[in-house]
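Structure below; questions to follow.
For clarity, chains are labelled A, B and C in written order, and residue numbers in each chain start from 1.
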Amino acid sequence: MANTISPLFGHNGAPLSQSADTARTTLAGMWAVRLFEEAVDSLFARGLMHGTMHLSIGQEASAIGACAALEHTDFITSTHRGHGHCIGKGADLTRMMAELLAKQTGYCRGRGGSMHIADASTGNLGANGIVAGGIPIAAGAALAQKMKGTDRVVMCFFGDGATNEGAFHEAVNLAAIWDLPVIFVCENNKYGMSFSTEKSMKVENISERAAAYGIPGITVEGNDADAVYAACHEAVQRARAGHGPTLVENITYRWKGHSKSDKNLYRTKEEIEDWKHKDPIVKFENRVIEQGVLTREDCDAIAADIREKTRVAITEATTAPDSDPAELLSSVYRAIQGGN
Amino acid sequence: MPQVAIVMPKMSMTMTEGELLVWHVEVGQEIKAGDVVCEVATDKIDMEVEATASGKVVSLHGNPGDVLDVGAPLVMVDSVEDDLLAGIFDAPAAPAVETPVAVAPTPAPAVVETPQPVQPAPTPVVNPLVNTGDILATPKAREVARELNVDLATVPGTGVDGVIKHADVENLANTALNQERTLEKRLKTRLAIAKAIAASADIPAFSMTFAQKVSWLPSDKTDRLVKIASAWARALTAHPELHANWNNGAPQSFSEVKIAFSVMAPHGVVTPVVPVATNPSSGFTAKLKEILANAAKGHIAVEYLTSSTTGLVDASDSAVVAASGILIKPQPLALSVGMQAADQTLHLTVVADHRLADPADVALLVQRFVRELG
Amino acid sequence: MTDRIITYSEAIREAIGQAMEADPNVFMLGEDIGVYGGAFGVSGDLYHRFGAERIRDTPISELGIVGAAVGAALVGMKPIVEIQFSDFTAQAMDQIVNQAAKIHFMLGGELSVPMVLRAPLGSGTGAAAQHSQSLEAWFAHVPGLKVVMPATAQDAKGLLLAAIDDPNPVLVLEHKLLYKTSGPVTEEAIRTPIGKSHVARQGKDVVIVATGVMVSRSLEAAAALAEKGIDATVIDVRTLSPLDMEPIEEAVRATGRILLVQEAPKHVGFMAEVSARLAESKSIYSLEAPIKRLCGLDIPIPYAPQLEKSVVPQIPNIIQAVEDLIREP
């Protein structure tokens, strides 16, 4: 049985915090990202997880708020810090966990790990270990939609660091000149590994770069799920209507290091503490409680439910068979159907 | 209140254990998540271990200098905070640790399943040669095998992995024990003989065996043969009416005596045909010796493969008394010489074409031969 | 099946046209392939036949173009990318090597990248070091890519159509000197199987293994050698990845002498792999003489025609190399 957080599809553009249903779904999604990654962090700390991973704890509103603007049939491309995008698009927590635990039942049968989760059934074209690697791919997937005449869009996630890569510029330019249905979502968490955006670029906001390609760019408070959703909803509508791409910049912050070998030498504890006070989950909970949409008990119940789903994911994944080396050599190429 | 373990964290991709350097907390102290609880030395760097949960320290596990595995509990905390993994990786124990844990040396976490690094699969050995049934041989070896008519499948290769080198083929060809090859040649000989016999089947032949006292024959085989052959040649020359080609009822006498000598080669009887003069020259013995020696090895020069006027079998050095040979066209007569008994009696058998000779003719001829033999 | 004599370029164009007629998901993208007709004139009139959507001109943006093709292929399109010179694939290497080649395997097997990347390679046009390389070994070294090098007009068509059918990323590396060469080409949409080496000439004294333009040069050399009483087998590797060694090993077992010819520099070139595989196989015991390679010099391709010609194997070099090989004890 699938162990997923059903994403919010087909929403009308109203703030996510406005109705109990959308608030629940949004909170569940953010909790799922948070708890999944905390579990992964603990598993790694206890030596129970094999490879490295990149955690997006603190950035949950960006992934969940952005994906809330999509339909089930839309596509995403993701990044090395991609658990949130996968979950936001409806991935199965057990299969994600199984992948990280190197199991045969994992999304990549143990061949990809944390950085490469893809899920064709939810339109997830894959997380990517190469900074900016997914951006031209997103443009291409969007080109295919345009050529096929569908109304599907592609949401392309990347970080601040990717916008200094040539691939970003080439892909955004292609998407712009061809009016492709793609939404470029930059999750600006201030650091490309250790190098801060202040040092790595001269523009103040990454969204300003959109002007160079003649497309709209907007900077959003990325820890506010409502704000992210609003900007992305508009960008999606625009793309779906055939008016081309938008660059949405979500300002956010990762609480954890870049990867498991990060010693946080490039930032202060105070800065991290400061951003922890801007916890996107707390922010959203406070809002919905304040507005009387949900009660504290409702919110706690949601968290408890997700906690259980996360534990189920760990338990199920742990007991799954290890990934099988026997099939590796025959898996490099896709077999040609019907011979020749 | 549930107890939560703060464990030895894995802080780098390669870290498997850490050495506890110094405690920064003590039992009973209230700590909150993010506080430094101790310092550890890892394979790369000395690190501060931060509390992953808030609450009251219940117990410390280990002393400075202890090396603890990644995942081993360092500090137990009475905490309201959640441990997502609580119970999942514990052995049969309760979901959360309910009773204080005594200070224990290094209790390793009960690991249900530790992900193993993927081992490369044993690659199936794919060698295009394996299933082709090909024989491994160098081209030179193949060439030699073709020349010597050697089946490569019978040659044991001495190269790496049993590859056949040309020397292997030559060695096998030179071995007398090349059974297969001898049998094959023997069959060829039998077929040739069969063909000749079939052609002789319509000759109405009869044979007569005589026992005649003669002087001792020479002990040397070739000398003996030369002596017998030349005597026989003289006898035949003296009887041109017998030494003739029937020629379908118009007999023609042969102008010279050409004897088919029967010689045992490795694979069967061969019959080099040699003209024998009534008085052989001094070099004839050596020449005949060479011809017969070669024939014994199976080699006969083309010039000795012509038709014969008579056949000769010398079995005088054996226990054979009478050997009734056959007539190979156009021979009218053939002589077999059997053993010479202790009393010097020589056994002679003559096969004759009845169309040209009666038994009385043969008796006269043999008398002449014995006289010529001296 | 009807054969006509057409050029290598025309054969490629015909293949693309037939593939596009048969499958609406097939489209082409690249620089100046539209009204201009392609840097080497390969796309020609396709723009007028199929329009700007499906014969898609792009900015000068190799990484973006290949990436877009990867993305389109991921969601069911069958893009044919034209890179003007194979040298420019260096600009797009991330998308070729880290993305296209890996996606099917790395992401667990659900997705794949049925993309074709066509690029002209090779020297002989006086275009110097950045427009004349033979980089096939780069791509053959990457698991997940298929690499073909058509040597004849017929194979230019057949291999391209097979590449378009293939659910994996296929690089079709075309030698620019071959574009104007002609040969019999089947009119129907024939397929040349990917992953099969081809015996272009059967002989008994020596085997010459070649790729790309070196195949026709080797065949000409073989014809000259025949007059000298040397009967050479010529094998056109056709597909560099996945490599089919069987006909090569068979020829080695039959002849005992092998010459490997490539235009690319010798050091760590494709023929080094062929050589190594032979050395690892039992066929090596059939060798009467050491394996011989005739390759481009280990230097960048120079501009001046006499310099350029001296850098890569020419027909007389092949003849000489075979004669040297035959003289080996």
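In this section, a residue touches a chain if its C-beta (ideal position, glycine included) is under 8 Å from a C-beta of that chain, and two chains touch if they have at least 3 such contacts.
All of these numbers come straight from a predicted model, not from anything done at the bench.
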{"item": "Two chains joined by the most C-beta pairs in contact, as defined above", "value": "A-C"}
{"item": "Closest chain to the centre of mass proxy, which here is the mean CA position", "value": "C"}
{"item": "Between chain B and chain A, distance of the C-alpha-averaged centres to the nearest whole Å", "value": "68"}
{"item": "Chain B and chain C, separation of their C-alpha mean positions in angstrom", "value": "44"}
{"item": "Whole-Å gap between the CA centroids of chain A and chain C", "value": "40"}
{"item": "Residue numbers on chain A that touch chain B, as the complex places them", "value": "35, 38-39, 42-52, 101-103, 110, 260-261, 263, 307, 310-311, 314-315, 318-319, 322-323, 325-326, 328-329"}
{"item": "Residues of chain B touching chain A in the complex", "value": "7, 9-13, 16, 45, 47, 52, 69-71, 82-85, 88-89, 109, 111-121, 123-124"}
{"item": "In the complex with chain C, residue positions of chain A that touch it", "value": "75, 77, 106-109, 111-112, 116-120, 125-126, 128-130, 133, 135-145, 147-148, 154, 166-167, 170-171, 173-174, 177, 331-337, 340"}
{"item": "Interface residues, chain C side, partner chain B - complex", "value": "245-246, 249, 253-256, 281-283, 285-288"}
{"item": "In the complex, chain C residues that touch chain A", "value": "27, 53-54, 58-59, 61, 63-77, 79, 94-95, 98-99, 103-112, 143-144, 146, 162, 165-168, 191, 193, 242"}
